[in-house]
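Going by the order they are written in, the chains are A, B, C, D, E, F, G and H; count residues from 1 in each one.
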Amino acid sequence: MDTDRLRGILENIREGNKTVEEALKDLKHLPFEDLGFAKVDHHRELRNGYPEVIYCRGKALAHIQSIVKHMLAKGNRNILATLAEKEIYEAIRAISPEAEYHEIAKIVVVKRQEIAVTDRSILVVTGGTSDLAVAEEAAITAEVLGNPVERLYDVGVAGIHRLLANTRALDQANVIIAVAGMEGALPSVVGGLVDKPVIAVPTSVGYGANFGGLSALLTMLNSCASGIAVVNIDNGFGAGYMASIINQLK
Amino acid sequence: MDTDRLRGILENIREGNKTVEEALKDLKHLPFEDLGFAKVDHHRELRNGYPEVIYCRGKALAHIQSIVKHMLAKGNRNILATLAEKEIYEAIRAISPEAEYHEIAKIVVVKRQEIAVTDRSILVVTGGTSDLAVAEEAAITAEVLGNPVERLYDVGVAGIHRLLANTRALDQANVIIAVAGMEGALPSVVGGLVDKPVIAVPTSVGYGANFGGLSALLTMLNSCASGIAVVNIDNGFGAGYMASIINQLK
Amino acid sequence: MDTDRLRGILENIREGNKTVEEALKDLKHLPFEDLGFAKVDHHRELRNGYPEVIYCRGKALAHIQSIVKHMLAKGNRNILATLAEKEIYEAIRAISPEAEYHEIAKIVVVKRQEIAVTDRSILVVTGGTSDLAVAEEAAITAEVLGNPVERLYDVGVAGIHRLLANTRALDQANVIIAVAGMEGALPSVVGGLVDKPVIAVPTSVGYGANFGGLSALLTMLNSCASGIAVVNIDNGFGAGYMASIINQLK
Amino acid sequence: MDTDRLRGILENIREGNKTVEEALKDLKHLPFEDLGFAKVDHHRELRNGYPEVIYCRGKALAHIQSIVKHMLAKGNRNILATLAEKEIYEAIRAISPEAEYHEIAKIVVVKRQEIAVTDRSILVVTGGTSDLAVAEEAAITAEVLGNPVERLYDVGVAGIHRLLANTRALDQANVIIAVAGMEGALPSVVGGLVDKPVIAVPTSVGYGANFGGLSALLTMLNSCASGIAVVNIDNGFGAGYMASIINQLK
Amino acid sequence: MDTDRLRGILENIREGNKTVEEALKDLKHLPFEDLGFAKVDHHRELRNGYPEVIYCRGKALAHIQSIVKHMLAKGNRNILATLAEKEIYEAIRAISPEAEYHEIAKIVVVKRQEIAVTDRSILVVTGGTSDLAVAEEAAITAEVLGNPVERLYDVGVAGIHRLLANTRALDQANVIIAVAGMEGALPSVVGGLVDKPVIAVPTSVGYGANFGGLSALLTMLNSCASGIAVVNIDNGFGAGYMASIINQLK
Amino acid sequence: MDTDRLRGILENIREGNKTVEEALKDLKHLPFEDLGFAKVDHHRELRNGYPEVIYCRGKALAHIQSIVKHMLAKGNRNILATLAEKEIYEAIRAISPEAEYHEIAKIVVVKRQEIAVTDRSILVVTGGTSDLAVAEEAAITAEVLGNPVERLYDVGVAGIHRLLANTRALDQANVIIAVAGMEGALPSVVGGLVDKPVIAVPTSVGYGANFGGLSALLTMLNSCASGIAVVNIDNGFGAGYMASIINQLK
Amino acid sequence: MDTDRLRGILENIREGNKTVEEALKDLKHLPFEDLGFAKVDHHRELRNGYPEVIYCRGKALAHIQSIVKHMLAKGNRNILATLAEKEIYEAIRAISPEAEYHEIAKIVVVKRQEIAVTDRSILVVTGGTSDLAVAEEAAITAEVLGNPVERLYDVGVAGIHRLLANTRALDQANVIIAVAGMEGALPSVVGGLVDKPVIAVPTSVGYGANFGGLSALLTMLNSCASGIAVVNIDNGFGAGYMASIINQLK
Amino acid sequence: MDTDRLRGILENIREGNKTVEEALKDLKHLPFEDLGFAKVDHHRELRNGYPEVIYCRGKALAHIQSIVKHMLAKGNRNILATLAEKEIYEAIRAISPEAEYHEIAKIVVVKRQEIAVTDRSILVVTGGTSDLAVAEEAAITAEVLGNPVERLYDVGVAGIHRLLANTRALDQANVIIAVAGMEGALPSVVGGLVDKPVIAVPTSVGYGANFGGLSALLTMLNSCASGIAVVNIDNGFGAGYMASIINQLK
């Protein structure tokens, strides 16, 4: 963000090259961004290793490549590309050979500097094995954003004992991401066991009256446990990002 | 169900008062009911104490009274009136002083003979105290139909320990009715703990994106536990009736 | 389920190697499963021939093969794989040559011991021939779980005489599964004819304002017949399982 | 419909008072109605006793009274007022003492000349007694439009024998109106029994996942019987009107 | 439909081979169909040229072929196969070379006797050219069922003059089928112009908030014109059948 | 909008009381509004007679009175209060006796200066008389905003001739607001007749599958006529405002 | 539009070849279109360069070619073909080599005369880059209809500073088209900044609980900013057309 | 939580009164709760002043009074009663005179010990004044749970400058609760300005196609800003609780 044009105006006043009235008129037409309001707080963006993000769905390969080139040229921030099919990974690797691919999560990471990692961890739990892709999108996102991540998969409510056998994992986490499709009841059970923030992610896994994840979404919104908030259906990235912001509060 | 007209036709054939062709024509126009097809199996209706049922919602007081009078005149079967507000109870009691009122369940029972009770029991569990009315409608229905009923209320998934502290009750039941509003996850958890039929009843309890019980209904339909089937929202009577039919299979 | 760790703690108390306070602390961190709460009742699982179940949709071939291998290694329980396309069958047969494929039902069965069969039977009825796949999923599931199954297909309400011509079949069953798409009225008619549990399965067969089975689902939930409970759209397995649990109540 | 202005223009041409060009311009601005296109066919409106219709819902009492006065002043056609609460009836009777009230149907009829009645009849069937109001709205509408109407109420599919015991009534009708709430399956069963037009009317009777009649509406639209068409939820008037138009085809 | 078994029972009574009581028991188990209730009225089926119908969607080619063979063997009724893709036509033609294909309507007709045609006609109107397929399905169905059919396509409300320029066609028809997608307003306009039955067919043509035809369906159900009834989305066959039944009322 | 604080900072620079760096820091914390970005264009607000608007629904009487007092104190702009029940009018009149009430539109106007009126007019058309309230809300809004308004009510598509008899009114308007409930087809027909902007307003008038105006809303969104845009259900104010902005483009 | 037949009738009257009564009867059967009512106002169609429009989706290539040929034969008006995939472009170019293709907008333009361009401009703004296709459909449509168009893309509310940095563009436009998917909040923010007509276009861009654009549609309909009206989801053409009509009001 | 029974068993082993096998059997039937698993982490409940919560909606006055009495008897924890109408407050005050009522928030607080307050604050922002009740429910909840709360009301996106004029408040908060009805776009804008957790609360404020808050809910779920999670419609308590848990992470 550069304030050069603003500074120029002010110096012109000081040096008597501009009257106050002229300056007022200039200010009125100064691009908003130059005034420094663009981002209220951007502490996190200044942290070591904090990545730039590309949302890949619906973007052409060439378009993604040009975005990546632009980012590489600008500096050495890491890059996190989400919803990236394999050919997107290959297109990015063609430009930036250090690109790594997380296949299940469909995430590409270009790591150009070390990521500063917090000491408190995030736990990702899932109801079934079919929620894996969304869960991994959340987990990898949180890791790339600088959080230690634990995983506890396939502990859905229809076999509640698997969850209860692992309460120590719940105890040790700082923030929990609970991913579930079908009836989506897992976050409620987890929220009833712990007193920490639970980010609930409905998945579109299921069939019949599942309606593309609507059933799990409504279940989570209507949870009678406290300390739960919900992100969009299948939005693993959003959950990982939200959990990271919470986990990194100073 | 009377077969007198049919018998009359047959006797006319035997006695030569009717030709076979005439009888065939007669049979074609005989009311269907007289042929005895009306109910395939009605063993239960012949059991001691099995009630006749009146669904009260939307019926005028005078109409209900005339139905009850008709039933009283016909024989001595018990009467079960559901969705009965207090003034309906009073209207029935005016005719039949032995009528009893179950206020929370909104059920009126006129008991005119002893109910034969099975030795196996039905358990009614609820997620919260606000599901009480629907749960009691199910419980009283099952009792009037001749089943011992146990109740285990307020054991919802947000406080899963309350349910787990009472697994002995789950163990002892033959059929379970699980009633829940809001996120409606209770039947899934129960279904994961037992190997017996679970009748799930969504309730319209909740607010916001609950949509009149839709959220709980979808949750239950999408349950990943096996051995669960669902009745309509708030349909305590239907659940009690279904559980009773199952519980009384010979 | 092993209780060795628990026994070890208790023996340590008895032998004075641990104080009661130390033991309390240990118990608090013992995995839940070790305490034996995992399954409240598992009588059925101990019955002869009771299968383990694999839900195939959304699982990779290699993943399914590894699950099957694991099951084969563990003992000689039968295996029931649902929603299995033909290549899944072939993948399983490559490992376990005795695998059989039920093509319409999309079910693979690996039969490794005789199935104990109850003497009471389950009847599966359908509205049309296009509900066949779901009906067969229900029927095969019930058979593999040890129930005799009768089939009465294509007896939908638009040709009610076909159903009425077969009331003897309704009479002889212990539990009925009624499968219907389009308007989904079959379970109501069946429920009005019999006094036995009817498990209703809406199918997604239809077009226009069918909305993927929603019309049939709502019809069944709103049935004015008693003794009906509903499973998810197209959930033949769930219906077969529920019917089996009911049919095998001691 | 008066064509006086049009005739005036033409006469002006004939008499040389207007050029053809002037007349063309005039015609372009002549109110459309005067050209006689307003109603393509209005044979029915010219039949003896054919009523004018007032839809009362949402209209103020004074407004309705002024409409009635206007109709009375215009000629001696009968008047049919639908969705009329009792105070509307009283307001109309204050003006026109011969007004009659059909309380269940909520219809007011002002009969000012005899109604010509067809010899073929319409049959109204209902699923339950709670569909009575809608059914009566249909029946009275059809009667006031000049059709003999038979009624066959409370013959819903959950007690299919009641319908089958009355097939003679189905046989004798020319057009059938089938009214049903809850699961709304009645028209399908009727449509499977007869080869005559069935007008299906979903009602908002029911509860839970009935969604104000949506379940019955979808059932009827998805009927697998042929010869059925559907009107709006609770639209008894529309069904009676449609049945009458069909019944009176020359 | 054969009544031989029934006749046999009656003759046994007459001849004294059976007591009345034995006959009553026999009758109770006689298949329903034998009693002659199967179809209340089947006058139309006995008319010359009345076809048998096959709904093809979701049926395998071999299955369709076996149905056709069965029909051919049974007698010489015509055959009408709906929703038939081209390969279905070819499969039918392989068996029955006289099969004709209506490509737009996706209908196969096997004409084995002349169709008796009524003298009153049905008019099919559409809103746009993209409703053609559904309109032709309705038109061909009505023709094969023995009705003269007129077509008036592409006269939607956004160009109301095209409809108004053709009022003579509306005047001459006995029954009108109005087909429209997108906003689906055509039936309302037609219903306001005529006093004859209008069968409204919503189509799934459109995009955005069209929701697969839901917008047109709701429009038609909510029509403020009288004399309109609606069939399912895209259900051209249903509309043609309904119009034919109405058009052929004696 | 005052820029005094900004001017103060600039003068401090000029006079050497502040360094450029200090001024930059100050600017960063200056309230955004002071910088003059609050409203991009506010030409209309400066026009004679342009009102301030109060949306009354859900606001307490005392709250509304305090808002009005505040407005009266600030200057002499007119006031337009929408969705105002009669007691709100009385509460405003108690403060400002010149308040006028438009009862059908539920609008209160406090006119404190003459309204400058454009020479081009807006036409409001409705489908039925029950859309009157919403239509009047639109019409009065447009008038108070300075537009001549013509009204053409009760010209719905089921009686298309009424609309066609009034095409001169359509011809003379600059912008058209088309208000309709039930099937909501009026804007499509109007849009097909004219080449001017049509603002479509769905109303919640109707019943059955009207779903609170949803049917009319979908109809309007799916219109196949061009030159139509839609506002929210029952949003007469929004339509009047939009039409006024369009009508007053320089 | 030809009025020859009408003129013929009138001349016959003048010349005494027809009585007035005969002429009245003739007029009654004259096609409506001949009377000149077809289009109330068609000023715009007479403007230089105003195109004819083809909506391509769902039309066969051959059908489109025949429409284009017909248009080319009729005169020299420009042609605008929307929703045209590349092979449609090629099919049109085969007939009319001067055809140009706007690939992102999926629009084909055949320019056969110069387009008269207004001096006031339309601004198209989008929330993200994935709304590009719909935005370009709107922009190209508006250009072909004779409007200067400015573009301001990727200024969604999640980065509100990008929008605020460009308020000068908002200031200079006469009409604004705001295109947004996902949460669809852009039109509200724009509507809060300007006092000009904002045409809001929801797009189906998004995932999860986006429901094909429903979320953005509802957001826009519920906007609390005034001066906004909405077109159908993804309806770029409709927005461009509406904006053009507004922009070209005399 | 008492572990006395468990301790008793262990002591019996130590003292030789029970064999290990007997103890194992005993443990198997020990209530789950006694084993100390009831709550995985309950650090917060042990903090000074942490309240017990009563959800009042749907509970009878007497029932609420008995819950309060029970809580008062058990110890001196504070009490927070939500969704409490005035008569509930009075019923509580009758028992516990120190009860205070927050009328807008409909919250009763019984403060029996000082609340430990964190030094980091929560900011509650709202779109309009009609979202006040929900916002205050969130704010008071967060305060009673021990958080300093700032309020920034009526800063909705249609007047985006009000929000931008207050960015300092956004800067100073640790967690933000964004409450909005109608189009619900506020959380997206806030989420684009800050890098802190934003808890989004849709409200049911609005009309027309608002559908009881659904429009705002979908907007928030589909937000393209990161760092947002959503609670149920109107769920101020849930948002306050979630924000508090996040704000108090150690």
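Brief remarks on what is shown
What we mean here is this: a contact is a pair of C-beta atoms (placed from the backbone, for glycine too) under 8 Å apart; a residue touches a chain by one contact, two chains touch by 3 or more.
Small disclaimer: the values here were computed from a predicted structure and weren't measured.
Of all chains, the one whose mean C-alpha position sits at the greatest distance from that of chain H is E. In a homomeric contact, the two copies may use the same or different surfaces; for chain F and chain H, under half of the interface residue numbers are shared, pointing to different surfaces. Interface comparison, D-E versus B-E: the pair with the greater number of contacting C-beta pairs is D-E. For the pair chain B and chain C, the distance between mean C-alpha positions equals 25 Å.
Between chain E and chain H, the centres computed from C-alpha atoms are 59 Å apart. In whole angstrom, the spacing between the mean C-alpha positions of chain A and chain F is 40. Those residues of chain H in touch with two or more other chains are numbered 32, 37, 39, 164, 167, 193, 208-210, 214, 217, 221-222, 232-233. Contacting chain pairs in the structure are A-B, A-C, A-F, A-G, A-H, B-C, B-D, B-E, B-H, C-D, C-E, C-H, D-E, D-F, D-G, E-F, E-G, F-G, F-H, G-H.
Touching chain A in their complex are the following residues of chain B: 127-128, 156-160, 164, 182-185, 188-189, 191-193, 206, 208-211, 214-216, 218-225. The residues of chain H lying in touch with chain C in their complex are 3, 6-7, 10-11, 13-14, 16, 20, 23-24, 27-28, 32, 35-37.
On the chain C side of its complex with chain E, the touching residues are 129-130, 161-162, 164-168, 205, 207-210. Residue ranges of chain C in contact with chain B, taken from their complex: 37, 39-45, 53, 120, 164, 167, 170-171, 174-175, 193-197, 199-200, 217, 221-222, 226-233, 237-239, 241-242, 245-247, 249. Those residues of chain H whose C-beta lies close enough to touch chain B in the complex are 29, 31-34, 37-39, 57-59, 63, 202, 204, 213-214, 217, 232-235.
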